[in-house]
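In what comes next, chain A is part of two complexes: it sits with chain B in the first one and with chain C in the second one.
== the complex of A and B ==
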């Protein structure tokens, strides 16, 4: 009960930020919220089933290009663009997921690795996508709108994950992560479940990309299909707590705050910082910040030793 | 005499070009506890894989008169032929209760599932005490109980238990054997695959002895226990292959 009240209070505080925050804070907020959406979306497949996707930056790129093409080339309204981008990304998730998610283990991660490079090359040769110059979207100076849209999307993604973690479907996904053979025998249609999770992940990722494109008003192949963005999704989710409801959001907020602070002074320090974070996180808190919080409350600093021992590092 | 629940005849199977099982014949009648014993590498687990359809095989393989050959592992499970696999295959980071619930994943009857829960918790009170604990944090014996409990949640008609005693303390093995006897009384037929011949014979009605991919002896366990060959194998002198 108290937990829900706290979450509601934080959500309200975030929703009212445009009333009391300055322009820079709101802009930082839009970025942080969108990155949190990406982490949460990655969590749906990566956190629950344990299948690490490196194709999510592709879904993000398709979301940005869908929105940009609809708005810049056809003069369609923003929401139509979001729909187009989401449809493209979900279609791509289906086409990639159905053949590759039949396989088990690391093949999926390997197969998705090259995807964003391939699509980047593809759009760089399409007239409708502005070739390698990119596209310019109509300008709308309304950061409050973008902020609230991003917040609403994060809320939707988080509610979806909350539903997942309490649902029969979500339990099937977790069972896949824990023992895929046993899950299959017990009646979990593993391929179907993984594909649905990937498509759901693609949906939220693409909408985040669409909002970002309209906000920034300019996209090109390199920024839309940026594979380092995918790495950030993984780091933030793993840092916060994969397979949990709030972990990826908390992880994304904390890491983007630190990243922002570092990137404004020395940009190489930011990259170095992320490298250090992932090494420390994997060693001391392989189950993320959320589990670290519980563990510390239960057994204090001994938690760190316990995890190191348990995972035999 | 009604038709056997599980009927295997002329069954051969192997991995790639390597044959493992040759001309296996085995049957389990409704309400029996049948044990399949044999040393390491005799082909027991391979036979179970053929039964659960996770390994292709040639020959007759029927459950309740129904040919299993065209069925998938899930379909075999859904018919009520449920295995407790060697190594348990629990969902380690799910709670005990969630593990049990996974056993009933494809069942739609909420009342029946609630009944199964009650039955499993009655058979294994310790699982009720630890129902909120992660399955991976249980002791070996409790994990085996959880694995048996999860299989029972599927409302099995034939429960196939593979190497239940492996790595467990004798007192825990006795407790688990007692539970298998109890559930037989509740209408579940049991096929128990064991290396621990002494434990298996203590509750089984009939037994099969397997060596290098063949059934070499079969009969009532009281007769098998007197057989000099079996006694030799039981003492660990015979070679498995």
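== the complex of A and C ==
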């Protein structure tokens, strides 16, 4: 009960940020919130089923392009564009999910990476998508709107994951992660479950992409299908705790804060530090920040030694 | 004639690709680590050869063994004191830690060597000869030959030596290999060291035929990954064959479809192969 009250208080504090924060804080907030949405969306498939997707940037790109094409080429309103982008991404997830989700482990990961590279090249050769030059969206200077929309999206994604972790569907996904063959034997329709998880993941990723596109007002293939963005989703989720409800959000907030704080001084040092944080995080908390929190409460600093002992050769 | 030229270009390029993928396939097959820092190791090897050539005036091909020895040490230490700590955890974690290493190595290289483009440019860099109307660049031919030689040496090492037998045994069954007296910590470190040495050699050759920057790692990792999967993880010679397939497909594709499509071709091929024959790829993993 106390936990829920704390979460609600933090959410309220975040929602009221435009009232007391300055412009830079709000802009930083939009970025952090959208990245947190991406991490949470990645968590739906990657955290729960253990299928590490490196193709979520595909859905992000489709979301941005769907929104941008609707607004820049057809003059449709923003919300219609978002819907179109989300529909495109979900359709893509459905169509490619069925063949690609038969692959396991690194083979799935790399197939999704290939998909993202292929779509990026495809978009760069389409007239309607502005080819290599990209598209310019109508300008709207209303950061409060973008901030609240991003926050609402993050809330929706987190609620969806909270529902997942308590539902029969979520249990099925976890069963797939633990042992896919056993899950199939127990009557879990593994293909259906994985495809639904991917489609859900695509939905949130695409909407985040659409909001970002309208906020930045300019998109091109390189930024829309940026594979490093996908890597960030993975890192933030794994840092926070894959398969947990709040882990990806906490991981995204902490890592964005570190990154922003360093990037404002020296960008090379920031990237270097980011790499070192990842290496240390994997060694000392291979099951994420949330697990670290539980472990510390249970056994204190001994937790660090115990995890290292468990996974070392 | 044009097609024959493309074939030659593709084969020469493909041999080098095969060498790049060789180290990755070895580490993946034996240690079950998909090393995302492999491209960064290739990049470091490239810089090692570059500085041996420009600084000490050593011919790049003579500098290769020195660079390989240095990279072996780097790889050995990385595995012995860092990656061995995490090697038994989930695949996602080893992916992540090697990604972190990739970032660290890339930006260390940027701090140390700056972001300038570098080319290893010996006097014979532009030399070529024509055979039946087909132009063969000498440096690329030599790089191809070295790549084949190294692949052959790895095959000999794996199949004809005691160390190779221990490596193969560990790949098949860690516990059983341990019972027969293999020290896995040592063996893992040596295997990773060999992988890094091969990456170093590939980097040196890459520097002769193309340009080195701190950022070449990521795309070379992706390419190596694709080739390792196409070639399979158990035989070094089939990895080289995978490299040839990709090399020919890329040089043909860049002519007929345009150079922006080279990455799409290799990834497209990969997805097709994975989806069409997943069972085979899974068994070799």
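In this text, the second predicted complex is superposed on the first by the 312 of 313 C-alpha atoms of A that agree within 3 Å, B and C clash if a C-alpha of one lies under 4 Å from a C-alpha of the other, contacts with A are read in each partner's own complex, and residues count from 1 in each chain.
In the analysis below, a contact is a pair of C-beta atoms (placed from the backbone, for glycine too) under 8 Å apart; a residue touches a chain by one contact, two chains touch by 3 or more.
Because the structure is predicted, anything quoted here is derived from the model rather than measured.
Chemist: After the superposition on A, what does A:99 contact: first (chain B), second (chain C), both or neither?
Modeler: In the superposed model, A:99 contacts chain C only, not chain B.
Chemist: Considering only touches as defined above, state whether A:187 meets chain B (first), chain C (second), both or neither.
Modeler: In the superposition, A:187 touches chain B alone.
Chemist: After lining up the shared chain so the two structures overlap, which partner does A:77 touch, if you call chain B first and chain C second: first, second, both or neither?
Modeler: Once the two structures are laid over each other on A, A:77 reaches no partner at all.
Chemist: Would you mind checking which one, chain B or chain C, touches more residues on chain A?
Modeler: Comparing touch counts on chain A for chain B and chain C gives C.
Chemist: If we overlay the two complexes on their shared chain A, which of chain B and chain C does A:138 touch? Say first, second, both or neither.
Modeler: neither
Chemist: Using the superposition on chain A as set up above, list the residues of chain A that contact both chain B and chain C.
Modeler: On chain A, the chain B and chain C contacts do not overlap at all.
Chemist: Would you tell me which residues of chain B are touching chain A in their complex?
Modeler: Within the complex, chain B touches chain A at residues 52, 54, 73-74, 77-78, 83, 85, 89-94, 98, 101-103, 105-106, 154.
Chemist: Which of the residues in chain C come into contact with chain A in the complex?
Modeler: The contact residues of chain C facing chain A are 34, 82, 84-93, 95-97, 99-104, 106-108, 110-111, 184-185, 188, 222, 225-226, 229, 260-261, 263-264, 267-268, 270-271, 274-275, 278, 281-282, 285.
Chemist: Quick check: in the complex, which residue numbers of chain A touch chain C?
Modeler: For this pair, the touching residues of chain A are 46, 50, 52, 99-100, 102-107, 109-111, 113-115, 117-118, 121, 124, 231, 234-235, 238, 242, 268, 271-272, 274-279, 282-283, 286, 308, 310-313.
Chemist: Which bits of chain A are touching chain B when the two form their complex?
Modeler: Counting only chain A, the residues touching chain B are 168, 171-172, 174-175, 177-179, 181-188.
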